[in-house]
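Inspection log for the structure reproduced underneath, given as structure tokens.
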Amino acid sequence: MADGRDMEDLPTRRSLPDMATLLGIGGALALILIALVLGGSPEAFLDLPAVLVVGLGTVMVTLASFTVKDVGVTFAMVASALRDGGPGPRVAALKILALADFARKHGVLKFQGQVLNSLKDDPFLQKGIALVVDGLPEPDVEAILAQDIHATQQRLSRASSVLRRAAEVAPAMGLIGTLIGLVQMLGNLDDPTTIGPSMAVALLTTFYGAILGNVVFLPLAGKLDRNGADDTLVRRIYMVGVLSVARKENPRRLEMLLNSALPPAQRVDYYG
Amino acid sequence: MADGRDMEDLPTRRSLPDMATLLGIGGALALILIALVLGGSPEAFLDLPAVLVVGLGTVMVTLASFTVKDVGVTFAMVASALRDGGPGPRVAALKILALADFARKHGVLKFQGQVLNSLKDDPFLQKGIALVVDGLPEPDVEAILAQDIHATQQRLSRASSVLRRAAEVAPAMGLIGTLIGLVQMLGNLDDPTTIGPSMAVALLTTFYGAILGNVVFLPLAGKLDRNGADDTLVRRIYMVGVLSVARKENPRRLEMLLNSALPPAQRVDYYG
Amino acid sequence: MADGRDMEDLPTRRSLPDMATLLGIGGALALILIALVLGGSPEAFLDLPAVLVVGLGTVMVTLASFTVKDVGVTFAMVASALRDGGPGPRVAALKILALADFARKHGVLKFQGQVLNSLKDDPFLQKGIALVVDGLPEPDVEAILAQDIHATQQRLSRASSVLRRAAEVAPAMGLIGTLIGLVQMLGNLDDPTTIGPSMAVALLTTFYGAILGNVVFLPLAGKLDRNGADDTLVRRIYMVGVLSVARKENPRRLEMLLNSALPPAQRVDYYG
Amino acid sequence: MADGRDMEDLPTRRSLPDMATLLGIGGALALILIALVLGGSPEAFLDLPAVLVVGLGTVMVTLASFTVKDVGVTFAMVASALRDGGPGPRVAALKILALADFARKHGVLKFQGQVLNSLKDDPFLQKGIALVVDGLPEPDVEAILAQDIHATQQRLSRASSVLRRAAEVAPAMGLIGTLIGLVQMLGNLDDPTTIGPSMAVALLTTFYGAILGNVVFLPLAGKLDRNGADDTLVRRIYMVGVLSVARKENPRRLEMLLNSALPPAQRVDYYG
Amino acid sequence: MADGRDMEDLPTRRSLPDMATLLGIGGALALILIALVLGGSPEAFLDLPAVLVVGLGTVMVTLASFTVKDVGVTFAMVASALRDGGPGPRVAALKILALADFARKHGVLKFQGQVLNSLKDDPFLQKGIALVVDGLPEPDVEAILAQDIHATQQRLSRASSVLRRAAEVAPAMGLIGTLIGLVQMLGNLDDPTTIGPSMAVALLTTFYGAILGNVVFLPLAGKLDRNGADDTLVRRIYMVGVLSVARKENPRRLEMLLNSALPPAQRVDYYG
């Protein structure tokens, strides 16, 4: 038993990837496309220079506030947020309770080997347990885990601020493009038949900027923030559990404390 | 007496549902409808594509920043906020004073059974009293209740941020719809008689976005925030009371402390 | 002497009502009215449907974010802010110094009766002194008074947020009204002579919304916030003084501490 | 030596008045004036009713959020900020180091008389030294000086918020004035030759509001905030020094601590 | 060994200058220029008075909120941010670990001379090590370094606020310039052929303001903030390390703590 076999029924580690973001952004873009097609001439909404000024311009101006690496990290975080929802707080609570129960029964040293390896999908939890197994004093464990949570929040918040910056830049580039179009049009008012189409083209950059900012960048930034809050909650649950294990507390007390952090519908009942 | 019968005159648990939100939003929408009818052609304000771009688009873009479950929880919280105002701070103070007085006279163990059951409408208070009955040390009770208050605030704040996000998205989708209409109209300026009606249709999405954002989503978000502040106050009153019971303090001191948290007109006078 | 008679020369309790708010709002509205009359046709600025959509609509949408009682409390607080400036910090400092000096000379028990009654215009101070007379331990007095200050700030901040919400809603309702007017006008472009007057009427709701928001609601919200900050300062001065009396400190030390919280020009010199 | 004569070489107390604000605002207004003159008809930009609605209206609406005294204090603070830059952090550090060195050599009692008098341009420092000379315990000195810093910040922040409020009100009054002009113009579209000039006049209030808000009030508010931050830094330096003197610490330690708060280029080297 | 030679393999002190800002701003300006040239008449976008009102006006109004020195410091900080990325957190961690390991082996006194000199590119680290070598008590070292971090953040935040202020002022000056142009144009509507070109010129200031604010000032402010956050992280790493050296802690514990502050991909493995 103490060889970690009763750890096998640890709850599933990952929830299914959350489709809300892809569905939401894709659906909104599809709706806009349908509106263009229904309007009769969707090709009137495609203008390469406008795409370049708004699209490439937004990328460049956003880049200027950060570094190439920051932007790369942001892409990686967005990809990860789209792919994978992470363990929910309830799963995390069940997992740490199972570990606390195991530690109560067999001692923390039995975590070595198989159990520690089985946590490799949760590096934060794995690291916390490893520190306890190594016999580090509890205040040191707390300092290291709290520092990790803080640093992770800082990184997530930078990624989210890259996207928020892009969401501000896109409409600004749209406005600049429209101003260029307007000035060019106003300088050539001689032929009234060209006024309408010129205005239409001038408005395209505003249109692109509004879509990029509101339908693409802001939702992604919001999603990163939201997942970051959940991720922090999961890490705090892990930290509370690891410290409880380090202090050799009764896991029933841990269960009560963790349940206070979970929504009523997700509370766990490990000790039934 | 000690069987909990003197708990029967506990103050009413719930105030009447607060109609301000339904009345306010309904009344404002009715006012707008009246203005449309008085203007002569209310049917000119109905355009299905515009409704889809703004309504469905807002739902999709909002969804993209969260998960399906977040949006579901938000709906549930709005429904609950419309249905039920919760106990007010004064009722909460009277209730916890009655419990403290009961504990003083009969001891906390007499809470078991009937009294604890009678608190099932107030799960937070029930849980706090149960922890005290179980003999948990006071610092543990405080940690668990404070954690519960914090986690509840976080959940409420996420629900409110879903609505605030929707309130930002709706005007943005309205602007995008109007830009689509403007570009389409400007591409077909040949027939001047169509300019007015085309512009009118283009403005409809802005109109819908302004109503959705300002008359529907923002008031609901504000109401959630407001009720959340009241709910936190009630939970704090319960926590102060439960801890006072756990410390076996004199309920008169509790009354003074609770009264400091209540508006002058709602102060309680349990000990006359 | 010890019967409280040397308390008779307590400084005046209330400053004169501050007219700045009434004068400021009234004067600005008068200026606008003069501009309308000078323009020749003030009656062109009166349109009952526009008044209803913006005025009634603002009330309803604001109400939706709060409760009927919140709005009532806000009205009461505005009325009180217009009527009465409260004691200033300097008057408060002089008053609490007189009380501290009295306590030093005659003991806190002599506060009972006449002196306590004479404080009925300052319920917070009266309550603090009463707690000291009752012999409550100083930490309890501090907890109760600090809780009262916090709860009062929360109530003031809700009242101010009702007005800020109204100040946001009013221009939004103005925009909605103008959009209604524009769509109606654009649908009937056949008769060019009606375009101007229709546009004029459509702009009236924007005009009303700008006035309601900027000239009425925002200044009132600002005034509540400003008075709330002063009120908190006065309560803190009272609290510092009451705790000093409870600790039987030398009033000269209290005078130095209070003077640090007062503007240079308002410092008191009780002990000459 | 101990009579304070070695205090004579205290660094200059005040830096030269900082001209950036006067130059900046004056220069920007001059630039705008030049643009008007170059445009050919500067008199077209002067309209008395527009000046009254925006200028007087802004004063009145701003006043409504505050009291007459708040506005007076704000004027006085702006005048003081334009006149006098205060001692910089480096000068303050040198001064307090000289005082600490003097105290080390001659004892704090020798501050009485000439030295204390020579500090009358720095009332905060003078007060702090006087408290130490009076033998007040160090925690009391810290409480009094910290309270003074906090209260001064509150006063500065109110003055700055008066100006920020004015900077918000001015464009709003400009918009209201323009709406008045537009409605009046749209009601009289019969004579097309008057449309342009009427529009021009209507836009003047927006023009005035943008200048008042962006070129006058916001820069002044920013300057007050900026000077307030410097002033707080200077007071903190004085407080750290006074407390160090009260604790009879080695001034070399004080020098190291103060240098950490100064920019690299301004670090002092009192002990060479 | 103890002469500091094993310090020679300290990691490279500086990363390559980060080109993202220059590339981003330059690229966006180039894109806009290309759009102007493709539009046919780039010279129509050059108007000297417009350049003066927006460019010089922005400088003057920004200056008015600060001092000449603040603006100079901001320029210097921008130049430094463009030139030099500073050591990254990983390099900083490796460096302080090498120093901690050296101190463990040879004692802190061996830092004197060569090692301290080799740190002259990192004045903060050099100062911290020097304080430890001088035998200052650890709480004093912590107070001095924490004060330095705080003061550096304040200076960076002022530089960034100068740029943010400029980014707000530029569009405001653009609006003012456009209003001047519009009023002048509306006063001379007699010749319809001049309307278009006049409008075009009027819009140029808005165009300049949008570019200055969004493509130049905001990205620079964002870059300063971003680098400031990295710089603070590096200083915190140095401080944690210096204090660990002062406490003579095991460098392996320091490595664990530092790794918690680094992104997973940048963690160091000094002790293999």
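Letters A, B, C, D and E mark the chains in the order given here, with residues in each chain numbered from 1 onward.
The criterion applied here is as follows: a residue touches a chain if its C-beta (ideal position, glycine included) is under 8 Å from a C-beta of that chain, and two chains touch if they have at least 3 such contacts.
Please read all numbers here as calculations on a predicted model, not as lab measurements.
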Checklist entry - Just how many steps, at minimum, does a route from subunit D to subunit E need if it may pass only between touching chains? => result 1
Checklist entry - How many angstrom between the C-alpha centroids of subunit D and subunit B? => result 42
Next on the checklist: Can you compute the centre-to-centre distance for subunit C and subunit D, using the mean CA position of each chain? Integer Å is fine.
Outcome noted: 26
Next on the checklist: Among all residues of subunit E, which ones touch two or more of the remaining chains?
Outcome noted: none
Item to check | Cyclic chain order when read starting with subunit B and heading to subunit C | outcome: B, C, D, E, A
Item to check | Of all residues in subunit C, those that touch subunit B in their complex | outcome: 49, 52-53, 56-57, 60-68, 70-71, 73, 123, 131, 136, 140, 143-145, 147-148, 150-151, 154-155, 158, 165, 168-169, 172-173, 175-177, 179-184, 186-189
Next on the checklist: For the complex, give me every residue of subunit D touching subunit E.
Outcome noted: 18, 20-25, 27-28, 31-32, 35-36, 38-41, 44-45, 85, 193, 195-197, 199-200, 203-204, 206-207, 210-211, 213-215, 218-223, 226, 229, 233, 253, 256-257, 260-264
